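Shared between the two complexes below is chain A, which has chain B as its partner in the first and chain C in the second.
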Partner chain A sequence: MKRISDAGSAVGASTRSRRATQGRRELRVALPFMLPGIALVVLFVVYPIIRGVQMSLYDWNLMVPSQSTFVGARNFERALTQDPLFWTAARNTGLYALITVPSQMILGLGAALLLNTAIRGRGFFRALYYLPVVTSWLIVSYVFAYLFSDAMGPVNHLLVNVLHVVPQPIDWLNDSWATAEVPINLLGIWKGIGWNMVIFLAALQSIPHELLEAAAADGAGRWQSFRLITLPLLRPTVLFVSTMLLIGAFNVFLSVTLLTGGGPQGSTEVLLSYMYTQAFKYLDFGYGTAVGLLMGLAVVLLSLLQRRMVRGAVEL
Partner chain B sequence: MGGLGRAVDLARRATRSRRTGSVWVRLLVYLILVGGAIIMMLPFLYMIATALNPERWIMPNPPTLFPPNATLDNFARAWNEAGFQRYVLNSTIVSSVTVLLTFGVATTSAFAFARLQFPGKSLIFGFYLITMMVPDMIALLPKFSVMRDLRLTDSWLGLWVIYVSNGVAFNTFLLRGFFEQLPRDLEDATYVDGGGAWTVFWRVLLPLSRPAIATLAVFTFLGAWDDFWWARLLLQDPDLRTLPIGIALFFNAHGTQWSTVFAATTIGVLPEIALFLALQRYFVSGMYSGSLKG
Partner chain C sequence: MQRRLAAIIAVVSLAAAACSSTASSPPSPTDAGGASSAPASSTPIANTECAGGATATITFWHTYNTDGPENAQLNGVVLPAFQRACPNITVDAVVMPYDGLHDQLVTAVAGGGLPDVMRMDIIWTPEFAKLGALTEVGTLPGFDALKDSVFPGPLATNTYQGKYFGLPLDTNTQVLVYNKAIVPNAPTTLDEVRAAAEAVKGKADTWGLALGGAGPWNVFPWFWTAGGQVTNDDYTKAIGYLDSDASVAALQWLLDMNTDGLLGPSTLGGSPDSWGGFKAGNYGMLSDGPWFFPIIAKDMGPDVVGAPMPVGPGGSISVVGGENIVIFSTSPSQDAAWAFTQFMLSDEAQQAMATVGQIPASRSAAASTAVTSVDYLAPYITQLDTAKPRTVTPAWPKVEKILTDAFDAALRGTKTASEALRDAAAQIDPLLAE
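On to the complex of A and B.
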């Protein structure tokens, strides 16, 4: 009995060691392929986050890091409990996500559905709708600043002189929080529709024709087959798109800086612009980093929540 | 029999109506598409119309899409503005090298994830996926501090490090999805013929992956061409500045002299649009395969 179990463990040991040798051989082949990527990710993506956690616990001195003062969780406490401007920035960022993400998805899916029919000029329309996606944020922000500019901007011209819905030009970017948020959010939606359209179009084209034809034969109308066949099959796409858009929405930064500079009176500040101001205007790197980390945490939690919601909503 | 015939007939009619629709439905679809296209294009049209405006200091009032006496003078002025040509050249170099480096790093990693077996593989891949979920800007400040410590400020090397490392996870994910769809027969044959992993990677997989590589090239180039914050944070030497910095300086210097500003931005947009139009037929499929596999 004893001998058998000894033999068994000897066999086990030799398989294990063979597996280990094989693993080492595999690693030798794979390592040169993996190494540059892993090195870059570890050094310049992961390490800075760890470093950020450290910085956020200090009154960080950028010039001489060793002279930084440890303050514990005070930077986080300050953001969460004592700083109304942080909450203004958080509210604006959240609102931007809440407005631009669903709008982009609905308009993008709508465009995709229209282009998924047998009409001429599909490639042409697709390219036109996609153009805003490939143009730089800097440039389109300046263009929107012009469109919404005070006295002679095309938007004011349209509203005042053509449609006569507003008595006099609105100073969109400087008048108030509400007017300044309009161009910021419209820019976000306009720039993203094309990306949504392309992804949804590709997903729609992967839906087997026979399914829709069978539904039509069973007497399903367009709306019914959309709701009962197309939409459930789009679920993975909806999940992917909404996650990417949520992350993108939290990255809103340059457009706000260029359109309003966070004004009027800091009312349109978003989390990233607030983080930037704290660091490079007030040289408060520890606090700025804490703001950035809080935002990262919010994004991760919200994407997890969104995952559940999309599952629940489309699984009907 | 009659029932089956009727069903087939019904199905055929349904199919036909779905494909062609009635004239009115088609007309409506076109109207919406054209209306949408006009709205999507209006900002660009206003930008170009403004750039063609002959008055340097006065904007046409009311704003118009068809300025009388349109002229290309603004383009000449923007192009000959001090530093502008330099910025265009710098951006071209910085963005092209970013594409080459990203291509090198991401294709090799993706090959390892898609085709090689090694211990810890799924763990490392999961790790890549997690880094994709975190917006890269949240670590702007610690990254800036790391770059300072490594003396990577005030050089293009610093920009390349940032751009490439930011793109590794996403591009690896995209390419891995693409590689995994490719048939394995050719690879197996290459291995049988005595080829190693590098031969398979370079001679077999890469030539089959043009759509995914085009996708990588377009997005990586545009990302680098578009970047404002890192260029602004890292570059002090005016000779190293990239185009977004140049355009922002230009805007600050010329205030609301929109005609000149928009001539400059139109020049800045052209390479982006040209690249997109040249490669779009590849990258639509490349982007999709990356998005849903994985």
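On to the complex of A and C.
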């Protein structure tokens, strides 16, 4: 770049045009390879987003879309200023992110640290921790529903009959917001540990041995070398993982729908389940897409915020 | 034979066309087959079937069960009979799973792929009528005769803005089911229900009465029987009805049962669930539909008995369930779809489905031996005389949620009966006004 701008304008122009034709030639070769991907993205990502934005501005008529009533920003206004359930759902989603993201990371990192040492059956434990990740949400939700079922559930049995910490069986899923959030969040944490473990394990194995050995030679204890060497080197991984997990946390849907259905009395509704209810139960597609777009906007903003933090971390 | 039938139909439809001005309902543009009011006809089915003789294939979605005998009866008896009557119309019957069907229909409305005819849950008809997805059948030839032949409660579930968008195909309701081993004598009043429940109180894991949940389907029979009301008669107003003193007292009756430990945990979603608990002897009484007998009671011996709902301040009132048959407005074969709809309401089809436990929506079929020979159906037929539909409104999914939350909150004690009902009524009224 610098060389071109320093040279005479004639040379620059010819280089530019040569580069342009070369670029065009490259594009011609690359285009057939890119087209299927572009077409799929346009069809399944770009078009639905545009259509979604359009729908969110209307009182959408499902049968005859052309007869929909334009309502401007009223759907957004309704969500933000008139609908307490939207804020319940937003609060629950945020809380879910706040609880499950750090917990998954700490437990995942812990498992990775344990499996990073030369213990017997490493492969077995790795597979064991990863199993929940690849198991369908549907299945593990039903398993948790069983574990946390009322009188006869294993969790209640443990708490009441074995540990004697609560006097009465708790109807976890139906009793109140507080009790129903317990299995929802526990499930989110438990299912995510394995994924965190795998990512952290890969990062741990990329840390040069020499550094830790040198620290040990200098007399650093295990905690010191973890805090001063391992953790700083894991920082990019931590930020990558937290970004991914945050997006994942905002997508929480199936477990809530299957465990509580948003109940009791709508108190455990999350943004996605609320969007689904509005669109498919109440046929209010305009409002449903508005809720969905607001959620998408929140995810984009939070991700941007995190990217700034990542940039800061890399510069360190 | 086939050709002769076609000729007869052609003649009759000509006659009908000539005399259509005498029809009591205005002939619609889709009227190609003939009219029930044609002077030559005494039975509405005979001359409207087969839709003018054009060949057509129609898709019919239904939820007849496949583990029971319903689907086999449809495919083995009812559809062949229709094929004989109308050789030019082929019916492609598709079994749909009930779970998720509402959402699937919504998707089909938006994206295409709707069937021509469907047997749908009665609570969906006004909602899809409002969407414009259903054909208004109230103006079709022969409708008035069919309208008079069916039970009024189920018929009412087909209305939207005073027009008819379907016909009831089968109906059901709930009655009191009790286990003589726990409740020796049939309770005939609400007080006797309470007394029977008090008699078993204190026995471990035993409750006198259990509800299958806190939603309208489970609560309404008790709420209505205890004197409660949901809306006025034309479903336009809940304030003044749902929150009236009588309604508060009715809900309070149920709340008292709960606080006094007489109501099983299944009412609030706990376990054992109502069926499992009844089977295991945890629950003495339930209110449930006719399917309870072939599925649950069949293994329990003669101790399990059905009886009409006990009498309370509101009478002995239960809730109407069942299915309507509707035609989608997107169907290109409206005439064939209507011919099939009419056939499904004929005594022949209604009785054939009754033999596998479908209570006919048609009065004459309900009085036939196909129904009276099934002894467990007797209290249901009696109960249908007074059974009421749930609030007939396109906003039913929202109303149902509001009512469920209200009943749930009151039963859990987070709101008093009057607070819960007042809040619910205030939320429901704007929905009914939409």
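In this text, the second predicted complex is superposed on the first by the 288 of 316 C-alpha atoms of A that agree within 3 Å, B and C clash if a C-alpha of one lies under 4 Å from a C-alpha of the other, contacts with A are read in each partner's own complex, and residues count from 1 in each chain.
Just so we're on the same page, a residue touches a chain if its C-beta (ideal position, glycine included) is under 8 Å from a C-beta of that chain, and two chains touch if they have at least 3 such contacts.
These numbers were taken from a predicted model, which means no experiment stands behind them.
Undergrad: Counting only touches as set out at the top, which of chain B and chain C does A:Pro264 meet: first, second, both, neither?
TA: In the superposed model, A:Pro264 contacts chain C only, not chain B.
Undergrad: Now for A:Phe70: first (chain B), second (chain C), both, or neither, which partner does it touch?
TA: neither
Undergrad: Determine, under the contact definition given at the top, whether A:Ile139 touches first (chain B), second (chain C), both, or neither.
TA: Only chain B; A:Ile139 stays clear of chain C.
Undergrad: Which partner, chain B or chain C, touches the larger number of chain A residues?
TA: Higher number of touched chain A residues: B.
Undergrad: Looking at A:Trp87, would you say it contacts chain B, chain C, both, or neither? Reply first, second, both or neither.
TA: Touch partners of A:Trp87: none, neither chain B nor chain C.
Undergrad: Given the touch rule stated above, what does A:Met295 touch, chain B (first), chain C (second), both, or neither?
TA: A:Met295: touches chain B, not chain C.
Undergrad: Which partner chains sit in contact with A:Glu26 here, chain B, chain C, both or neither? Use first/second/both/neither.
TA: first
Undergrad: What is the contact status of A:Met34 with respect to chain B (first) and chain C (second): first, second, both, or neither?
TA: first
Undergrad: Just to be sure I read the superposition right, which of the two partners does A:Asn161 touch: chain B = first, chain C = second, or both, or neither?
TA: first
Undergrad: For chain A, which residues lie in the overlap of the chain B contacts and the chain C contacts?
TA: Looking at chain A, the two contact sets intersect at 62, 149, 152, 285.
Undergrad: Can you tell me which positions in chain B touch chain A when the two form their complex?
TA: 7, 10-11, 14-15, 18-21, 26, 29-30, 32-33, 36-37, 40-44, 46-47, 50, 59-63, 104-106, 108-109, 111-112, 116-119, 121, 124, 127-128, 131, 133-143, 145-146, 148, 161-162, 164-166, 168-169, 172, 196-197, 201, 218, 222, 225-226, 228-229, 244, 247-248, 251, 256, 258, 261-262, 265, 268-269, 272-273, 275-277, 280, 284-285, 287-288, 291-292
Undergrad: Chain C touches which residues of chain A in the complex?
TA: Where chain A meets chain C, its residues are 61-64, 149-152, 171, 173-175, 263-266, 280-283, 285.
Undergrad: What residues of chain C sit close enough to touch chain A in their complex?
TA: Spelled out, the residues of chain C in touch with chain A are 102-103, 106, 109-110, 127, 131-133, 265, 268-271, 397-398, 401, 405, 408-409, 412, 414.
Undergrad: Spell out the part of chain A that touches chain B in their complex, as residue ranges.
TA: 23, 26-27, 29-34, 36-38, 40-41, 43-49, 51-52, 55, 60, 62, 65, 111, 114-115, 117-119, 121, 125-132, 134-140, 142-144, 146-147, 149, 152-154, 157, 161, 190, 193-194, 198-199, 202-203, 212-214, 216-217, 222, 236-237, 240, 243, 247, 250-251, 253-254, 272, 275-276, 279, 285, 288-289, 292-293, 295-296, 299-300, 303
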